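Consider the two complexes below, in which chain A is the common component and chain B and chain C are the respective partners.
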Partner chain A sequence: MPENIRRSAVITGGWLLGLIWALPILYALWAAFHPSAYTTDFDLKAPLTLHNFARAWVAAPFARYFLNTVILVIGIMVAQFVICTLAAFALARWPFRGSGILFGLILVQLMVTPDVLIVENYQTLHMLGLIDTLTGIGIPYVASAFGIFLLRQAFKTIPKELDDAARIEGATTLQTILRVYLPLARPVYVAYGLVSISYHWNNFLWPLIVTNSVSARPLTVGLQVFASVDQGIDWSVICAAALMTSAPLMILFLVFQRAFIQSFLRAGIR
Partner chain B sequence: MATRTARRLNMHVQGWLLVLPAVVLLAAFTHVPVVETFIGSIFSTPQAGHPAHFIGIQRYGDMAADPIFWQALTNNLLYALITVPVSIGLALAMAIWVSGRIPGRALLRLAFFMPTILPMIAAANIWLFFYTPGYGLLDQVAHLFGFGSTNWLGDTSTALPSLMAVTIWKESGFFMIFFLAALQQVPPDLYEAARIENATRWQVFARITWPLVMPTTLFVAINALINAFRIVDQVIAMTGGGPNNATSLLLFYIYQVAFSFWDTGYAAALSTVLLIVLAVVALGQFFLLDRRIHYR
Partner chain C sequence: MRRYLPGLLLVSPALAIIVFLFLVPLAGAVTGAFQDADGGFSFGNFIKTYQLYSNDILFTIVIVALSALLTAALSVAIAGYLTLGTSPAAVAILRWLYRWPLFIPFIVVGQILRTFLAKNGLMNNIFVATGLITPLHTVGFLDWRGIVIAFVWKQTPFVTLLLAGAMASIDRGTVEAARNLGASRLRILLEIVLPQAAPTLMVALTLSIVTMMSVLSVPLMIASQSPTVITVDMAFRINAYGDYGVANALGLISLVLTGAVAWIYLRQTMRENAR
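Then we have the complex of A and B:
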């Protein structure tokens, strides 16, 4: 076979796979932006409409779900930044007894994530009176082994001299962290933040177990309740709701594509 | 001398104070629950007037006689053994396509990666529509080729593979980015040398690309394996474990036993098994990755 034919075969194969991969999302877009009558009728002259989104929006308290998810995702991220920064700083730069063993124990959480321990963690939350609260959804994830590991790596690459210089000028430990470590590790915080946001925006099992009312339910759980109970089988409305709940993340991704991919790469290498 | 000791002590105390919030939370939601899960599995569940008492391995005996447990375990192993290699193979192919000179590569990369960003619950609902018997896209395509309708998620023989397809669709693009990074590390003069020697595409892949991305493949495989044993979202959203437990997976069965049947003791025993599976994978990672594969 001549080389140019082989090359076109390879290119065609790539695009065919790409098309198959894009199909479910394109199909959902089609269904969501056209009247129900055209859900499976691919008439290019079919009228466009936002009616399905409007129907989904009023059929379930999506506004509340959005608010819950946004508060949850930002709350978890901020709390993770604070707690993981302190721990990572101590493990990277503070020689204290038992730090080696402690680090090993922390890494256990990379494997045993809180969603594997739903039975016991649910009982703990019950004891703390945190069932059906946003705090309850977030608290098991706040001390993240992954965050501690990532920030510790980053802090270790920061020259010790900068740290010493800050201390000679009379900075306290917290001031040193804020003035030296935080700014220099900024890219790592961005990466970790993006990974954390997308993880918790998508997280489902734990919020499903912990919540039982609209007041704390995040988008994923809200969408599931909506699709399984509130709605008959109007696929155009369900597709609209599915796209609506993913839209902020997808837009965030499209805008920060490079940063996102870099973050996932950084995050994957644990 | 005394002040120096005091200062030393102060240093250790300060170190522990810095890690204290993280340690307390990690212990409360990871380490203590692991121990409690095991203890909960060998003690009876306390009820009003009946404190917990030791029952030994009774629940594990029940588990060995529980056909649904065996089905969930088998399903999960099958799920891992099929989705992990297929996703990795596709991810590597995607990475090679996207890193080559293919027209519209940015768009192609986006098509491959987009499913990763979508929440699994949203993806599951879109795929539900895809799989709808008679009406969904899959059956419409089947009709074009003269096939009848298939109840993809309602038939015990097609339900699990249908869920696997969703997982493969969603994960391949994620793994692709790791291979993309690995491919960038391959020295270009190796490809140059292969070109001079008139090597075929297959030879280039088998002799250069595949051995050099091997560490990435291992790393991705381990992570994919861990994920495969924590899959639950699409089961809840698409099949509820049915039909007839054909799509029940370990974590889903734990969820069902704990929160639908409210048998926390049995759920604890099942969780212990899941923890052991995860520990085995972790040990595998330790030994495999520590042996390190060198090709230079």
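Then we have the complex of A and C:
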């Protein structure tokens, strides 16, 4: 009997902790779907409403922000896949003089926080006329050190015999990469792709600095509008806007949850 | 040697970006930090940074260190239960629940917690409604506590994810042996499982620290008044004064701090690769 009591105590405690853990999200859901009057007032009989989402939607050009963000994250991911694949293939398979130093440089890039370079990168992009463009937001990230490192590790585990076999069959280098390396490293691409998407969907500081108009602003920067005091702080609208911003990513995560976690573990991302 | 040109060709797009958007700006940021308004070499920016922001630098280190410690403790507890837990239902629920904050942007975390932790926010209203405290005694958590809560809440799933993976892959034999000898679960976790998963924990914490050092949105929303963290100061220096010298100096200090931590990560990775 005591064992049973202990067990139910543990389970109750676990539920309680879980509830506290999920409380901020549950709270955001509560505030977003109820009238402002109930934002900080927990009442089970409070009426449900979508009004907050409607207000948030008109308060900022969300449709445009969504479009910008989707173009941005997909664009960055595709560019990263191409550039990192080529570099990783060369570093893994065709070592040349200085490639060790180059790989070292790439690793150093891993440990530099992007905010150190913001001032300088802003000036470079200004020179190139890329300020306030989606290309400008994305370009500093396309030669991702993390991506090159990860893909190089994955490519190194692929047997060289497959290369030779492909060459004997008359495949060009590009064909070898596309038909042999890409399929075999698929879990790494999936894991890296999701990390890249979630990072750039959430990225805030650099887009905030580089953009100054609606046409290039991603969601996170657009959400900043609701943080300004002169808007008057309407928490239910803020929560609705915050939920709208992260909903696509959460849905993506839910759909790909299993594949993502497995790829993550298999790829040994750290 | 035969492969010199093709190899370089494949690397060149990445190389160009690394040179122009990483190496050149890094050199520029370093020299910019050591330049005065007339372009001459000086330590002026660092002296000014020290006078104005030494408290904030210390504040940043304390906040990040505290968040990392709490994140580590929570992650060990969650990953430990996922590995050694005996109730399948509880393990399944925990596994489902703990990952949620991973995919919520920092800025959204900031927004949500700002409204949740405020003096008249939902948390305090619940406390008041349940009679735990009176409205007069409510305190807002929108200061260092808010930042730490946001960081821990956001980073714990990431560290736990990696740690649970490492714990799942260790040799079950030793765990079973200890269990048969009557060791408690806590003891098995701390003395057998954790030491084997420690390298992964260190690596995950390092990446977390680098991330926390570079987040602007959370501190900006939760506690932008003094004392605050380095990123908020940098943004302020640039937006309010156009003072790139001090901003660069702050950036360099942030770089040295993260660099020291990241160095551990790199050494660990290299050592594992060498194996």
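General remarks:
Keep this in mind: the second predicted complex is superposed on the first by the 237 of 270 C-alpha atoms of A that agree within 3 Å, B and C clash if a C-alpha of one lies under 4 Å from a C-alpha of the other, contacts with A are read in each partner's own complex, and residues count from 1 in each chain.
Here is the rule we go by: contacts are C-beta pairs under 8 Å (C-beta built on N, C-alpha and C of every residue); 3 or more make two chains touch, one makes a residue touch a chain.
Being a predicted model, the structure only gives us computed values, none of them experimental.
Aligning the two structures on chain A places chain B and chain C in a clash. When both complexes are overlaid on chain A, the residue A:I11 reaches chain B and chain C alike.
Of the two partner chains placed around the shared chain by superposition, neither chain B nor chain C is touched by A:Y192. Touch criterion met: A:N121 reaches chain B and chain C at once. Comparing the two complexes, residues 10-11, 14-15, 18, 21-25, 27-28, 31, 40, 83-84, 86-87, 89-91, 94-97, 99, 102, 105-106, 109, 111-121, 123-124, 139-140, 142-143, 148, 173, 198, 201-202, 204-205, 208-209, 220, 223-224, 227, 233, 235, 238-239, 241-243, 245-246, 249-250, 253, 257, 261, 264-265, 269 of chain A contact chain B in one case and chain C in the other. By the touch criterion given at the top, residues 6, 10-11, 13-15, 17-19, 21-25, 27-28, 31, 40, 83-84, 86-87, 89-91, 94-99, 102, 105-106, 108-109, 111-124, 139-140, 142-143, 145, 148, 173, 198, 201-202, 204-205, 208-209, 219-220, 223-224, 227-228, 233, 235, 238-239, 241-243, 245-246, 249-250, 253, 257, 260-261, 264-265, 268-269 of chain A touch chain B in their complex. Chain B meets chain A in the complex at residues 11-12, 14-16, 18-19, 21-26, 28-34, 36-37, 40, 90, 93-94, 97-98, 100, 102-104, 107-108, 110-123, 125-130, 132, 135-137, 140, 169, 172-174, 177-178, 181, 201, 219, 223, 226, 230, 232-233, 236-237, 251, 254-255, 258-259, 264, 267-268, 271, 274-275, 278-279, 281-282. On chain C, the positions that touch chain A within their shared complex are 1, 3-4, 6-11, 13-15, 17-18, 20-26, 28-29, 32, 87, 89-90, 93-94, 97-116, 120-122, 125-126, 129, 153, 161-162, 165, 200, 203-204, 207, 210, 213-214, 216-217, 220-221, 231, 234-235, 238, 244, 247-248, 251-252, 254-255, 258-259, 262-263, 265-266, 269, 273. In the complex of the two chains, the chain A residues touching chain C come out as 7, 10-11, 14-15, 18, 21-25, 27-28, 30-31, 39-42, 82-84, 86-87, 89-91, 94-97, 99, 102, 105-107, 109-121, 123-124, 139-140, 142-143, 148, 153, 173, 198, 201-202, 204-205, 208-209, 220, 223-224, 226-227, 233, 235, 238-239, 241-243, 245-246, 249-250, 252-253, 257, 261, 264-265, 269-270.
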